[in-house]
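The following blocks contain the structures, represented as structure tokens.
There are two complexes below, and they share chain A, which is joined by chain B in the first and by chain C in the second.
Up next, the complex of A and B:
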């Protein structure tokens, strides 16, 4: 560069190109997602929403209704507990079989290596399918076999969470010190022995902690599954919403928030206890306290199954076996005609558009809330914005979608808003944490040089937090893609709406195509986000 | 910019007294070096002068005004006339050098210009000119985490050159530079202050560097001013007394340990012999 030449920013061309590309991509996404904020302020919509929300006060507190509510709450907890138990039964053998360090054939490689590799990869594919199809879709399918009620929810949780737990268990087992397990295998021990004596001692706490965390997620999931008729609070909420009974809806919402917060606190307490127990003196074997905990757990699980009175025997009747066979047959021969494939492809695009626009809105709103929430604008603003973020986060996307579908009508825009509301709560909190941890020196230096607060933020803080915030946004986008695929069950567009519609018409072959598309989308999201994260870690 | 400190003290919330009963005054255009052993209170003194710390005792007057009696916008305007060279350059690692230098004038620019400059640098020529004075013109479009610690410290100096403040406060501005570059960088600061009639106060660890370029020397130890003399009047005995706690040898450029300086990211910034 010569001093005499006019100076140009070499990055300008790249930035301009990126901006244009972003606009060119964003525009069709906005069109596909039917982004029309004016619908929010449409007089008709405002009146319906206003009336419904006005009916929220006072919450319904009739004795009979509260009885229903208490039963539904218990049912939700029981579904979550029974579902996690099923998931565990599925996940433990699957995890043991897919953990490579437990395979004796890997040593050498020894005899039977080819068979072991086939088993290993085959089971991994099974796990991917199990967790790639959202629990809500499983629930929707099972409702058709078992009828309305908790059995569908328990089975759906068992399958999806079984797949998830097995994958994470295998990851945990392989990430730690694997030498003890290998030593046992080399000394002629079997798979189970190598696990119990080589891997379990080092990983027991992390495995238990993750299981408890998943139980907490299962509580939330079992509420949501009620919306497709799988029992519990969700089903009650669905009925109240359909009848536009605001009073009941608000009571259920409050019960739901209390349940989620309680599950959150309880799981946090359990996990802290677990961490602390790891530091204390240990008994040889299980010990009296451990035995008590195990007995209590067994009692809770048993009580859950008894309370739900699951008719799993129905699985074994000839009638349902035939029904399941028909389902499987239809789904394994999906409709692949060009017309239908085109429709499903548009559904995928719509799902992507909903997730992208929803996440973008949440990034903007999350930032707006994170600034006060990080305590930069005073204590009062900090506390109130943290409260707003917590409230936004505690209501699941699907519940938001029932509300937004009321206020802007059915369609993808309702999904965009629902995703944006929930994700704002999540991202706002993460952004606020990032802000609090940002190094203060650049910020303070600019403030002390007389820069305006906004300029101080843009030049001193934003460059420090941008990479972390971008990573969070990508991670949430991945979750949003999965979520956008099922928001359609309550009429918020995308693949879910297509699936719901085809299933109600008993078009099983067409539904099979949509489920395959959901699986594909979930795999794509997985792969893309893993790649992006690796790229960002590299620089 | 003229300033006056009268009986100024600073006691931290934990009871530690960093400065006690300091009185110091300077006219516009004076160039002062503050020397003294580690932990003497040099950084605290500079932070008080920069209105970045509020004293717990005594009075401060910058440009004939008490900064802590001004309104928020008045304080902001006053601060935009003060430029600080930090020992650890407070530059975000992912920021480009050109942006880091241009940020020097944020206090002067209207808000729209601050935002527009993030999209396309508002004054590339100006930033390049400031960097060129420190032989860094060609690093204009590099990211701050892609240049060496010594270069980063000079980018911090270039930011203050670009700011053109009336009061330059330099807190160990050359601690990461080798002797030749250290001399050059201090000379650039001295010449800039002289040419614009700005006041310069620099804390320096190397005594020879201070005595060579600064007309006035202030010795600080244990939070108090020990002497305040013209450079020619500072004797060997006074210096040995000042550094008595650090052994018999005086810290000079040749003997001073280099410090590693990295862009600010997370916790630890400084690693080196005199890390506090």
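Up next, the complex of A and C:
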């Protein structure tokens, strides 16, 4: 008997093979993403980054600049609020028209069923297009149409989030108790009645909670849209980063972190209150307190619109509607010549590579941070790593990209790092939660049987958390694909760089092809991740 | 009952919220001159430069002058075409884009009215902070920063002259970056974010004069031949009376008049001269040759 044998890792060979296969598959992606970690430690790059970061201190605190900053912060909040309001106006009717629960045609054959099915299908396609094109691209298009300022951001948010809210609203309505609505419909009630009396009472809390969460996302998104000139903090950040003005950049970053964390906390508080209120009284109606909240909300929305002074009236004249139509129409005849298609295909591949490598790095780094963050390595390590994770995730990918482009030069690798940094923050937190919730029994049993700590982790904990962590990673990869498509706006490779260039030169046919490619990527990511998740749920 | 109330409250609130936004621009002020400029420098700098000129134009035309800073070159062109601007400071290439974009539209073909004397023989400077770069040939395999893709002096003409020297940025440079603005290009090169870059001579001279650039570190290693650049362009269907007033106002500017001298110093103009669209035919051909105009 070989004495060493019992200590050999029985799964080592399988795991090693899997690792090698993964590396072989990954190799071409690493090449496309120009993955060169050495660039991080290049003396010149270190000097450039060092000088810039050194200029972060002291943060700019001049009175004039702080005035700009305060205005930009308000503008960001107002854009998010007005954008969500617009999204709601769009999403509510679309959700009511597309949800299966309210489809009379689902009840049985009747006159006009074919037409209804076509309408249904058409609207679902519309929703996919609305949310499949990133808000940044909408913003860039609208900046052209409206010219200048926040109107473009508000409309872009309204469209993308309108599509997103409508889809999720429809799903929420379908996942709840659908019998009351069905009963009303079958008794001859109208769709609106079925919604108001059959669906809304049971789903109001979840619908509101999701809307509040989306508002929080909109705050982050409206910062990002500033980078294409749609107003707010992002526009200020873009200028500071372009001029490499470290003092201004650090002040803006601080304001931005404070804003995101505050929005985060406010939205969390609001959602907890909603959940508590939902438990307390299950009857319909808003009550006096609810009335007060609605009045306050209306005041905030009104203030946002007034503050932004959007001038949508310009849209309402026939002439400008025609001009806008002409402008958007130019994108509908995409350039399909083989040379251009080849270039766009490479852009897609680059975008995919950036997202895949970035997410993988984030999985590794997220895991490394999750171990201390879950409290396994002591309280002090837990708190500090949770702080790091929060900071990482508060800064959007696009802002990270402006920083990583300095440390490794412009190009796809900067995009990879930017995605990895933000996603590490998100995944680290999710992984830590999963670790905290993992059943302790297998871990304890192995430890008590005398296994070494590494073996305890590999065989007691890892199998318990792996499926959940993999699901999170896939979900984030899907988001990263969409994000990688636009990182090019700040010079971090992929489709975004192509789009920015072609749009600048009024090459609308070429830009149309790039936008179609972005939409295609988004659809593929949607389908692939849904399939993988179903597969994992079944397995 | 409660639902109806809630619905009414929501509807009322939304209408209430949208009404002022909708009404805002209806009072499209007849007597306002809407002005903008391509953002080839930081928008705050553009605003500072424009302030005294705006006051002067207000006095000369009797109209209220509103300057809106923009962060995107193409937005200025698009705004002329959609009649959101009356007067704009354009680069040579943006003027050509505006001309093509507005031909045959209801906004009328954009008309260049005046330009600075300097714009008739404009140049771009190639700069670097790297001692090993001494000529175009040394740029092969290096990273390079242009200004905005839409810039004449920061992209189009330098690209054209590089091509004349048998250098293709897409093929021969390791990485091509677009800093977005001339002053940003200097920041890129000074910080080493790009090995070399190119910007318009006028902004370079200004940065050197005001000591905003360390000339011991960043130096000019090549200059382009002269070409036509910037002009002030009006929307094609602007009232000819106003166009005449504006043209005269610019041409009347005299450096001997101290009040005018301030305006001209900020505009970096020794004198304004009439402009015409034929001045920019050369730019149009260069843009086609460089593949930037299809």
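One rule holds in what follows: the second predicted complex is superposed on the first by the 504 of 539 C-alpha atoms of A that agree within 3 Å, B and C clash if a C-alpha of one lies under 4 Å from a C-alpha of the other, contacts with A are read in each partner's own complex, and residues count from 1 in each chain.
Keep in mind that, in the parts below, a residue touches a chain if its C-beta (ideal position, glycine included) is under 8 Å from a C-beta of that chain, and two chains touch if they have at least 3 such contacts.
All of these numbers come straight from a predicted model, not from anything done at the bench.
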Partner chain in contact with A:262 - chain B first, chain C second, else both or neither: neither
Which of chain B and chain C A:470 touches, first, second, both or neither: neither
Which of chain B and chain C A:452 touches, first, second, both or neither: first
Which of chain B and chain C A:460 touches, first, second, both or neither: first
Touching partner for A:391 - first (chain B), second (chain C), both, neither: neither
When both partners are placed on the shared chain, which of chain B and chain C touches more of chain A: C
Touching partner for A:442 - first (chain B), second (chain C), both, neither: first
Where chain A meets both chain C and chain B, residue numbers: none
Interfacial residue positions of chain A with respect to chain C in the complex: 44, 47-48, 51-52, 85, 89, 143-149, 196-197, 200, 228-229, 235, 238-239, 242-244, 284-286, 290-291, 294-295, 297-298, 301-302, 304-306, 308-314, 316, 319-320, 323-324, 327, 405-406, 409-411, 491, 500-501, 503-507
Chain B-facing residues of chain A, complex: 1, 3, 7-12, 15, 437, 439, 441-442, 444-452, 454-456, 458-460, 463-464, 466-467
Chain C residues within the chain A interface of the complex: 1-3, 5-7, 9-10, 12-14, 16-18, 20-26, 28, 36, 42-44, 68-79, 81-85, 97, 100-101, 105-106, 143, 148-150, 175, 177-181, 183-184, 187-188, 191-193, 292-294
Footprint of chain A on chain B - complex, ascending: 50-52, 76-84, 86, 88, 90-96, 98-99, 103-104, 106-109, 111, 114-115, 118-121, 124-125, 128, 132, 137-138, 140-141, 163, 165, 264-267, 269
